[in-house]
Amino acid sequence: MSDRFWQQAFAVARRDLDRERRAGEVTWVMIPFGAIALLLVPLAIGINQDVLSRIGTGMLFVVVLLFGVLTAVRRTSIETPEQRDLIALLGIDPAAEFTGKTMASAFLLLVFQIAMGAVALVLYGLDISGWAWMIVVMPLTAVGLAELGTVSASVAASTNAGPALVPLLVTPLAIPLLLAATQTVESVDREGGNLTWPVLMAVVVLVLAIVGVATARPLQETR
Amino acid sequence: MSDRFWQQAFAVARRDLDRERRAGEVTWVMIPFGAIALLLVPLAIGINQDVLSRIGTGMLFVVVLLFGVLTAVRRTSIETPEQRDLIALLGIDPAAEFTGKTMASAFLLLVFQIAMGAVALVLYGLDISGWAWMIVVMPLTAVGLAELGTVSASVAASTNAGPALVPLLVTPLAIPLLLAATQTVESVDREGGNLTWPVLMAVVVLVLAIVGVATARPLQETR
Amino acid sequence: MPASDSLILFEGVAARIGVATILRDVDLVVVPGESVGLFGANGAGKTTLLRVIATLLRPSGGSARVLGVDLASQDRFDIRPRIGLIGHKPALYPELSLLSNLEFSARIAGLDLRLARKALDQVGLAQAATRLVGESSYGMQRRVEFAREIMLDPDLLLLDEPHSALDPSAIELVEHIVAGVLERGGAVVLASHDVEKVAPMVTRTAELAGGTVA
Amino acid sequence: MPASDSLILFEGVAARIGVATILRDVDLVVVPGESVGLFGANGAGKTTLLRVIATLLRPSGGSARVLGVDLASQDRFDIRPRIGLIGHKPALYPELSLLSNLEFSARIAGLDLRLARKALDQVGLAQAATRLVGESSYGMQRRVEFAREIMLDPDLLLLDEPHSALDPSAIELVEHIVAGVLERGGAVVLASHDVEKVAPMVTRTAELAGGTVA
Amino acid sequence: MSDATRTRIGALDIVATVSVVFALVFAIASPRIESQGEAARLLFVHVPTIWLAYLAFAVTFVASILYLATRRLRWDHVAGASAEIGVVFTTVAIIGGMVWGKATWNVYWTWDARLTLTAIMLFVYIGYLALRRVIAEPEARARRSAVLGIVGLVQLIPVHFSVTWWRTLHQTNTFRPRDIQMDGPILAALLVSVAAFTVVYAALLRHRVRLEGLELAAYAAAAAPVGPVAGDAVSAPNIGNSGAQP
């Protein structure tokens, strides 16, 4: 991974974050929308505080999954055909493009998770003991979801259905990741924490990174 | 409401449904995504079948709300500035445009609800007794959500934040509607059904229709 | 006849987008049968002026009348169907076919649907009627826009760079459309950069610079 | 020198989009220093041919070599940075400023960022550098595209309707850019409908009709 | 600062300050509710603020309708200012309720229809304010937010009736017509507090409306065609000196 690689990756990440900053989709849509979802579910299913603090972590990650997937298809991550042609002709290393997009998405997902975590902590009165693990789990979840989103988006970009297909591709794939995240945090309560789940997550994240980098070129080649 | 009015309204509805048919966002994104959400929540919060059949109706309507809101901002309901200019110059009656858009959205939302209802019925083993009311509740929910979505979309259209703001505007407004829907179905179990809730919904739907039609022109006038 | 008969009567008109001033102190009079070529450097405000005339952007100052109606009044909505505008970017739905796009306009305008097919035939796209806009070449999309104006038959036709992407045969068509509007006592304003090409279609020219018509 | 020295060497090339055959049996040879004007009716396939040359659409038949590389081979990725394309629609990010758009291209291409500002200055947009693309006129957006090609300095420049939306002073700029590419032994292919305007920039013309170069 | 833009402390502001002090005295002097402890004095903040929020949103509703009927921007200013104050009051009421809840229910937040719906009402009007923020043009902002100001009022109904419609932890509505269940002195202190907050609302509204008027004037002043024109930023290409190619 040369200097050139990282230069391109950072340029892509910066572009995505700049575009997001102007559009404010994460700030103005995903975070409030996610907060409303966290607020609404307990009301709708009418459960009490005890149950809530037990299932809270699970709910948190469901929301992170469902709305996190939407980051991958946020308006500002979608490129027009003209923009895609331009990028190709600029001679981008497809792996660097994958890396840059993933970095930007992961950053946004991390912000989203922290916001949701704060809301869940206050609303659900979660037990804070397992939350030290959050420092490990949240970034892993963010990167994993971002990788899945980026790969799915570039797979879908080469079909007619376009970005519409992405959530459908990502969500089922992301479920194991989210289950692992939930387990990490919850297992702390039961067994005082063990490394199985976070290590499993780290492995998945790594495998996805390898898959993403390796498939970046073949995916671009269809064009 | 003249012939001209309905002709324009139907033309708009037809355009929206045609665009949606090509893009397939409801079929390919919202329905599978909603089904995954229905599947995922019980899994993540680990509750058993008994509890599930109790909270099922609530969950169903939460999903209808959260994903239904996305209908209002589906890619094919968003117009470019050029398309909006064209519509304005064609001399459309703004109230007819509101009506047409609402009809198309309501139809899509009804389809979405039926699909979600079927999934919830199977997954959650819901008690079918209260469901006769669904025949009344689902269309009311669909129309009400569609009205809110259309109003919010035209309120937010052509602002900087644009469609990004719509979910934030619609979701909180739609919550009373969804709560009423839940109550209708659930009150059947408790009290054998009473008309208060559906009548309340019908009133809200009617009020929103009046507001939508009455404010359509002032909203267009800023252009 | 005096100015009261003018189709466009602008006096000291100013226009802003957000906080940016784009036009100021624009005077422009266009009478029936007139076709005005609007010139000016990139970014001079031609597109903005056309949108003001089309009632789509409200002037922030001055007195502006179009088709006898004050643009500050509510009546401006009544004249919209009599105005046709073709802008830089096609106002078409890419997911719909060329014909469906025209039929949609026809339905909203309350016209016979057969006019849509006829107009498409006139711009030479009869064979491509069922093709999606998204699968048509750029020039074909522009032709569809002209077909729409043929169908809608406006009294005031506003064209932003009418020549771009049109092949020579299609340009003849544009000249034909412009002539038709003028014959029926309408008026045309067209923004362009190409004095020569535009010459056969205009009766006079105006230059936009510094936000105002020189 | 024989054809092996050609920058573009197409023999019986065919191209399809989906199931539709757009080009068939296209023969085209372009040597260094040559500038070819590509003409043809709307929908003839000019844009499609330019995209094939740019390696963005793979030919479905025939033998196609560009910059010495077979378009069917994996090597085509290596020549992409040496090709510049300006299409019908601006390839810009509307949420970014004019300058940021150029700087993004510069970063990806591994160029000095100061070149971006210099190129913007050359197309006359230095004052508008921080303006968002979405808040710039169409002609300003087109100018930014030319600024990008000034900065990237390609060996093979492909232009789709270079004149549209440019004012006369900007058209001189295009002629200047084309001349620069040719001087350095590059080649230019430009699609257009305007024989006269294009004349000063081309060394010869080719006509597309019926999916092939006549 | 010109005279027009200077903030003037009016009689209303003085009355507002005095009445708040007065209400405070009443609140402290009111008898202690034995079952609840000192935290119960939050009643005198929690209840008046939420009621004033209701009033504020109702004013937004009425002013929005009046704007659409008359097209006078003054009404839009009233609507916007009132919603802003309503959001502040709702926030105060929720925070007060949360602190009170910690004292009586031992949690800050719980899954209760009234609490949730109150939070959602807050979101509706935050959305309203967000919308106002993203539209620069005064007329456009007025029309668009008026529509939302009208639709938004629907939200108050479920908040108010939530305690009756759902079995909730939250206190049921005490103030039903002809059936007030509250001790005299406490009731008196509450009414004084409500009155005080009403004056505060009126004073804040007056200032905010004036400020909106000033903003409009500033916007109109910027519209005067004196500054540079957007098109001036574009110049002829600069190809003579350096040349396009190195």
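Going in written order, the chains are labelled A, B, C, D and E, and every chain counts its residues from 1.
Here is the rule we use: a residue touches a chain if its C-beta (ideal position, glycine included) is under 8 Å from a C-beta of that chain, and two chains touch if they have at least 3 such contacts.
Quick caveat: nothing in here was measured; it's all calculated off a predicted structure.
Novice: Moving only to chains each one touches, count the minimum steps from subunit C until you reach subunit E.
Specialist: Graph distance in the chain contact network comes out at 1.
Novice: Could you pull out the chain whose C-alpha mean position is farthest off from that of subunit B?
Specialist: Measuring from the centre of subunit B, the most distant chain centre belongs to D.
Novice: Of the chain pairs A-E and D-E, which one is connected by the greater count of C-beta contacts?
Specialist: Top pair by contacting C-beta pairs is D-E.
Novice: What whole-number Å value describes the gap between the mean CA coordinates of subunit B and subunit C?
Specialist: About 37 Å separates the centre of subunit B from that of subunit C.
Novice: Return the distance between the CA-based centres of subunit B and subunit E, expressed in whole Å.
Specialist: Taking the average C-alpha coordinate of subunit B and of subunit E, the gap between them is 29 Å.
Novice: For subunit E, write out the residues touching at least two other chains, lowest number first.
Specialist: In subunit E, the residues touching two or more other chains are 120, 123, 130, 137, 139, 231-234, 236.
Novice: Scan subunit B for residues touching two or more other chains and write them down.
Specialist: Residues 23, 161, 165, 168, 171-172, 175, 179, 221.
Novice: Please output the residue numbers of subunit D that touch at least 2 other chains, ranges allowed.
Specialist: Counting only residues that touch two or more other chains, subunit D contributes 89, 128, 137, 140, 143, 169-170.
Novice: Go ahead and list every pair of chains that touch.
Specialist: Here the touching pairs of chains are A-B, A-D, A-E, B-C, B-E, C-D, C-E, D-E.
Novice: Under the stated contact criterion, what part of subunit C meets subunit E in this complex?
Specialist: 14, 16-25, 40-45, 58, 60-61, 208-211
Novice: Please give the residue numbers of subunit E that touch subunit B in the complex, ascending.
Specialist: Answer in residue numbers: 68, 117, 120-121, 123-124, 127, 130-131, 134-135, 137, 139-140, 143-148, 150-152, 154-155, 157-158, 165.
Novice: Which residues of subunit C touch subunit B once you look at their complex with the stated criterion?
Specialist: Result: residues 51, 54-56, 74, 77, 80-81, 83-85, 87, 89-93, 95-96, 100, 104-105, 107-110, 132, 152 of subunit C touch subunit B.
Novice: What does subunit A use to touch subunit B in their complex?
Specialist: 23-25, 28-29, 32-33, 36-37, 40-41, 44-47, 55, 58-59, 61-62, 65-66, 75, 161, 163-165, 167-168, 171-172, 175, 178-179, 182
Novice: Can you name the residues of subunit E that touch subunit C in the complex?
Specialist: 136-137, 139, 219, 222-223, 225, 227-234, 236
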